[in-house]
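When the chains are written out, they are named A, B, C, D and E in that same order, and each has its own residue count from 1.
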Amino acid sequence: MAQKNTIPFGPQHPVLPEPIHFDLVTEDERVVDAIPSISYVHRGLESLVEKRDFIDFVHVADRICGLCSFMHSMGYCQAVEEIMGVEVPLRAQFLRTIWAELSRIHSHIFWLGVAADAFGFESLFMQALRLREPVLDIFEETTGGRVILGASKVGGVRRDIDADSLSGISKRLAHLRPQLEELSNVFINDYSVKHRLSGVGYLSKEDAYTLGCVGPMARASGLDMDMRAIGYSAYKYLDVQPMIETDGDCYARCLVRIRENFHSIDLIREAIGKIPEGPIEVKVKGAPNGEYMSRIEQPRGEVIHYAKGNGSRFLQRFRVRVPTFSNIPAMIKILKGSEIADVPNIILTLDPCISCTER
Amino acid sequence: MRIFVMAKTVLRNLFQGPATLMYPKRKRVYTAITRGRIENEIEKCIFCGLCAKRCPTYALTVSKENKEWVVDRLKCCICNLCVEVCPVKCLSTHNHYFSPVTERLTALCKKRLEAPTAVVVDPQQ
Amino acid sequence: MNTIHEIVLNWGIFERMLAFVLLAPLVGGLLAGIDRKVSARFQGRYGPPVLQPFYDAFKLFQKEKIIVNKFQDFNIVLFLLFTIFSGALFFAGADLLLTIFSLALAGTFFVLGGFCVGSPYSHLGAEREIIQQVAYEPMIILVAIGMYQVTGSFKVSVIAQYELPLILYLPGVFAGFLYILTIKFRKSPFDLSMSHHAHQEIVRGLTTEFSGSTLALIEIAHWYENVLLLGMVYLFFGFNPWLAVFVALATYLFEIFIDMNYARFKWQLTFGSSWLFTAVAGVSNIIVLSLMR
Amino acid sequence: MGWFKRSPWVLHYNATSCNGCDIEVIVSLTPLYDLERFGIINTGNPKHADILAVTGSVNEKSRQVLLNLYEQMPNPKVVVAVGLCATSGCVFQDCYNVLGGVDKVLPVDVYVPGCAARPESIIDGILKACEILEEKYSQRKKTGYPAAKE
Amino acid sequence: MSVLIFLIVFPLVISLLALVLPRGFHIRKTIGTAANVVLCAVPIYLLVANLDQGPSYFRLESGFVDILIFLLEVLIAGYLIYLSVRAKRYLPVVLVLIQMSMMIGFEFAYGHSIQVEHALFMDKFSIIMALIVGIIGSAICLYGFGYMPEYHEHHPEVKDRRNYFGFLMYLFLSAMFGIIFSNNLLWLFFFWEVTTLCSFLLIGYRDDKASQDSAFRALNMNLIGGVVFAFGIVYLFVTTQTMELDKLLLLDQGTVLLPAVCFAFAGLAKSAQFPFSSWLTGAMVAPTPVSALLHSSTMVKAGVYLILRVSPVMDNTVAAQMLTLIGGVSFLVTALIAISQSNAKKVLAYSTISNLGLIVACAGVNTPAAVWSALLLIIFHAVAKSLLFLCVGIIEYKLGSRDIEDMDFLIMRLPKLTAVMMIGMAGMFLAPFGMIISKFVTLKAFIDGNPAMAIILAYGSAATIFFWTKWMGKIISIRHGEAEVVEHTVSTWEWITLGILAVATVAVCLAFPFISIHVIDPYIMELFNTAPVIDMFNVLVVFAIMFSLLIILPLGLFYYAFINKHYKRVGTYLGGANVSNITFEGAMDSTQPIQLKNYYLEKYFGEERLFYVGVFVSLTLIFIMFGVAAI
């Protein structure tokens, strides 16, 4: 019997923090088809490179996305620096790494919270977002902004963090750790959470590979894909270990993010221990001429910033290939055959960042 | 199968009392470098217009003739570029944000240097 | 308390009905307010004022009426009327089964309201609401059966004045009833059809298309319903009014606590577990009772 | 009696925002800021909402969505533009697909500046919106309700 | 007595007329209408005349009739064998042969010694059944006048055998009257077989593969029942020299238990309880009047009628408990299966089996309250269910589908019909209408008699809520814009029938205290010497709900339709993607309409999943039932 419902899921929908639309075709509670539709957030900011000075464009890159804000400006700066052959001071690289890992923590905790809300666990959502505040406080103290950091610049970083603050960060993260462990314990062990997550949205390793998944999505399916391993910025001095799970379901994706949280805390504390003294920026002269693709591991996976300069103050071409974009085919695949109640879980375990995707 | 894993946390929350900052009742303390809003010490300003030229959101207008410096708070994204570029360092970032407004125009903050005293038109002050 | 009890006993049927109709929304609203405050505290928040549900209701009555079709509100009015009616029957001491059937009638009107508007989300909500109804309905009837077995009557007035503690005869039934109370109170893990929390996959479920005063009516109907359900909890401890009121309140708080500790289940687990649990707890209790006699 | 002031329900829509303000809107509901103290609920459904909190600078596609949502909200209703993108378009005002500011589409009642708007600022803005809601209601009461339109 | 004979013979005459009078002969409909009026009036007369009287038994010198009946029986058997052989199906042949050899052998061995004192009888239960058969039966025949021409219009491939159809319908009515008034078991058996034959022929009316399959399935199962029935009769007479229903009840329980169980088994087959349920669902291929008359309101009731008649014999035995459980299993399992069905007639069929199961269970419990509620169930179910069948029959041709999912916005397309249908559905499961009143009483009866059944009832009624509510929701959903109203094409005949039945559904609820006091209570008094006391307060409450509904509903609808103007009309919430009020902007720049379908949860409540569970359990129960009876 073909008793099919057609449901417009989005663009405005309470479980979606950002507008994306699905034509959800369901049978009873089962989703038989999901056709995505985007462009509710498309701004066309890549074209702004033609109007903005390449140094000022960092501010636009910062605002590609609010959650991975720092990563985007960092990726953009790396691309431009590579084109121009600028050697970024080591301290600046370490600072960038620290901020990047802090971003990962705040993004992952936020994700944990929103995911909890999507499966109807309100107290868990509140608790997660409460634990996220200390990280934002660190941002505010070190960069002056809570969400849009604006800390990166071509040739280095804008602000230094003094030694006291650095040890303060280390201490605060150590304090955050047990609280996070308590929170993670609920995700890992609670029966009702398991009921909602395990076995839901299974993606096999082969599918993850052929559909081009990146980030936690790929890692949860057993693919060893972590750009930090290629050692950009200060990662080459740190002990980076990709978090791999093999189950490929929502629960595994959740586990990957939880483990990455703790790993990031470790990385930051390691970086704070190893950070060298020195300048935080170099003066950039001239204009970029040439092209480069910079690869960075965002909280959501690998992001590629492509920049092409023609020797003028304005870049010729700038393009961002974001992780959410590469994960969407996999999401469509696992949405089919799931249940309506799973749809928010599946969409969220992707950790979609639509504003990155559509720019 | 474990249930009530969350119980410990929620019970502690209940007995420890709320974590809420009670914002309007209690003022929030900001860090020294919090990017709240741009301020201009108009006495120092030389009305060179560099800040306006650099502003990515076209929030600033500087008029040399009228000795006027205007910031549209509804356009300023507090990126700090103007502060960095200012040759006389008269611009600074105040750490308190600019309050919401109901009219567009009330967010225009005009500062004019008229000898001997500066006229400040800022609804926030 | 005992004097209050006596006064209530001296009232006639209509006086008691009237008392319910007037007092229940006050009690129910206050309970809802306490619920929100306590929930907030569990989550480490300060929480809204205790009278917040009343503010909400008053505000909703002041809102403009927007509708999708002309008849949607009518279903809700009937839902409210029959909820009040079944509550009034209950507190007048009438037949427990009749109360239950009348409550089911009210629930059906609510579902029909959800179907009537022809909007996808309220449609899904209505379907899920029926599933929930199917999940809890047996247990409510089992409660009546159990009470009848012990007291020999379906009359609420007789059951409430039964001298021996009913709970000792009906522990399983009470446990089953607690289980489905979570569904009736629309608490997590069983808030499938409409949740008070914002982020649900089916938006606001059944109530998606109802706004303004109609939404307020739905809320008020829930207050009535909650008072009625707590009244049923009272029956288990009717031998001691003090204890009974205390247990009813404790039950309410316990349901809030449950709400804090669970993710929303899927319908399969909701349906399956409530039938299984009621079958194990409630049915075994009833069979044991029938063997004892 | 000012019931609107005590129980404003918010609908949040992200019209082409970068997420930053959205997060802050969500954060303002969480333990540290707890908008529910003022009776504010994030409803997620236009038909229940009193306040439409818009983030983002609105593009051609989200314009229609915004209009639909606004149309489906019952009166009195207030629009709050949260964040710089929603008030003016922020750094994106030159982009080809950006209309720049919510007030190009809907009548905005409260502008909340900030990039990203701080939770405190959002709380201020929504409390301000409550006052306007109250005003709009008393105005409606004076002019009377319009009759049914099909 | 003459009234009884008249009731049996009159439909027979009409049936012959229906066969003989040529079609298009305008007097046909006049005769039909007149006959139906008579058929309605006579049972009512019977009721009024015997309102305060106990059962009456009638002596009939019937040597000639007996022989005639025997010959007819052989004739029917021959005809069935002929049909089966022609259709190359041999199981019925075998069954008929077994049955006939048993009957013929019996006739020759004992025929001379059979002494029947009272061949006919009449008590309150018979009168109730007569009222149902008379009023509902004739109403459905009226409906047939409007329906059958349309049926042939829509199915040009079906050979037009309207005369034959009318003949069978009236023949069936005659046989039904025969069943309910016969005290002589041989007569009862004869009429029983006539209904089987009618049912078989009517199911096969379309004469295509599917209907032939269904018809033969129905025949097989009813014949199995018939064989066991025949065995019961033979056994009964051989052991006790009794051939009368009323005498049966007076005999020692131990000796008559086996024949009673045999009769109950035949009753189970006839009322399509598990494991025989499949014939009834298959029978839905027949034209709607057949489904309404034979397969919901009357013939299947004959099964429970027989069970209720013999249940006092089985009182307090394991066999009775097994009977109860079979009823309970049928009730629960079919209610669950009905959730997964989207074919309207199948849903109705399953719901019928389910309700019959409840009646069977009541018969098994056999306490005053249980029998009391069984009778109420029979009345309420017959009225409401036939009404629903007829509604579905009309919808089928107006919308071109009998699928529930095609009944979207029915209230906009067929408003009056939907209103009638709502009454019927409310009658099936909502307080304060009939079925819920009887379920209410049934529950009380079960708790005292058999708590296990009370539990099954609790779960089963919850399942019942599911499929009715979602169906109700489907037909009353309204959407923006205009829908084509197709109501005017419903014929007057059909409207009259629907009107009668809709009024009857409400009326039986309003009149139920009267029915209870004057009709049911005396019957219960005879059986048990006590009658259940209904709580007057509850009755008042039910009436309060009833009247408030009767007042609020029309007033409220009027208010919301015409008076209430303080609103603004907006579109449905579609995530903000509205294009119009019922379409949204989908992916790839498409415009998609919303589609709303109900849940069927086939994976969980599917037919194939639950059917065998029911069959298996009930077969086990039947074996135990026969086992204990034989010992």
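Keep this in mind: contacts are C-beta pairs under 8 Å (C-beta built on N, C-alpha and C of every residue); 3 or more make two chains touch, one makes a residue touch a chain.
This is a predicted model, so every value here is computed, not measured.
Enquirer: Chains shared as neighbours by chain A and chain C?
Expert: Touching chain A as well as chain C, we find B, D, E.
Enquirer: Using the touch definition from the top, what's the fewest steps needed to get from chain C to chain E?
Expert: 1
Enquirer: Listed by label, which chains are in contact with chain A and with chain B?
Expert: Intersection of chain A and chain B contact lists gives C, D.
Enquirer: Please give the pair of chains with the highest number of C-beta contact pairs.
Expert: Result: the chain pair C-E has the most contacts.
Enquirer: What is the identifier of the chain with the smallest separation between its Cα mean and the overall Cα mean?
Expert: So the chain sitting closest to the middle is C.
Enquirer: What is the distance in Å between the mean C-alpha positions of chain B and chain E?
Expert: One centre to the other, that is 79 Å.
Enquirer: CA centre of chain A versus CA centre of chain D: separation in Å?
Expert: 27
Enquirer: Just curious, how far off is chain E from chain A if you go by their C-alpha centres, in Å?
Expert: 65
Enquirer: Taking the mean of the CA coordinates per chain, how far is chain B from chain C in Å?
Expert: Between these chains, centre-to-centre, one finds 50 Å.
Enquirer: On chain A, where are the residues touching two or more other chains?
Expert: 5-8, 11-14, 29, 59-60, 63, 114, 121, 123-127, 130, 145, 148, 190, 192
Enquirer: Which positions in chain D are in touch with at least two other chains?
Expert: 13, 30-32, 34, 37, 42-47, 65, 69, 72, 74-75, 90-91, 115, 118, 145
Enquirer: Which parts of chain C, given as residue numbers and ranges, touch two or more other chains?
Expert: Within chain C, the residues that touch at least two other chains are 40, 42-47, 64-66, 120-121, 123, 198-200, 203, 208-209, 260-262.
Enquirer: Applying that definition of touch, give me each pair of chains that meets it.
Expert: A-B, A-C, A-D, A-E, B-C, B-D, C-D, C-E, D-E
Enquirer: For the complex, give me every residue of chain C touching chain A.
Expert: Residues of chain C touching chain A: 39, 42-45, 120-121, 123-124, 188-189, 191-192, 195, 197-203, 259-267, 269.
Enquirer: Any idea which chain D residues touch chain B in the complex?
Expert: 31-34, 37, 80, 84, 87-91, 93, 103, 109-115, 118-121, 123-125, 127-128, 132
Enquirer: Show which residues of chain B lie in contact with chain C when the two form their complex.
Expert: Residues 3-7, 10-11, 13-14, 16-20, 22.
Enquirer: Give the list of chain A residues in touch with chain B in this complex.
Expert: Residue positions touching the partner: 52, 56, 59-60, 63, 121, 123-124, 127, 130, 140-141, 143-145, 148, 150, 158-159, 182-183, 185-186, 189-192.
Enquirer: Help me check something: in the complex, which residues belonging to chain E touch chain C?
Expert: 409, 430-432, 436, 440, 443-444, 447, 451-452, 454-455, 457-459, 461-463, 465-466, 469-470, 472-474, 476-480, 535, 537-538, 541-542, 545, 548, 552, 556-557, 560-561, 564, 566-574, 581-582, 594, 596, 598-599, 604
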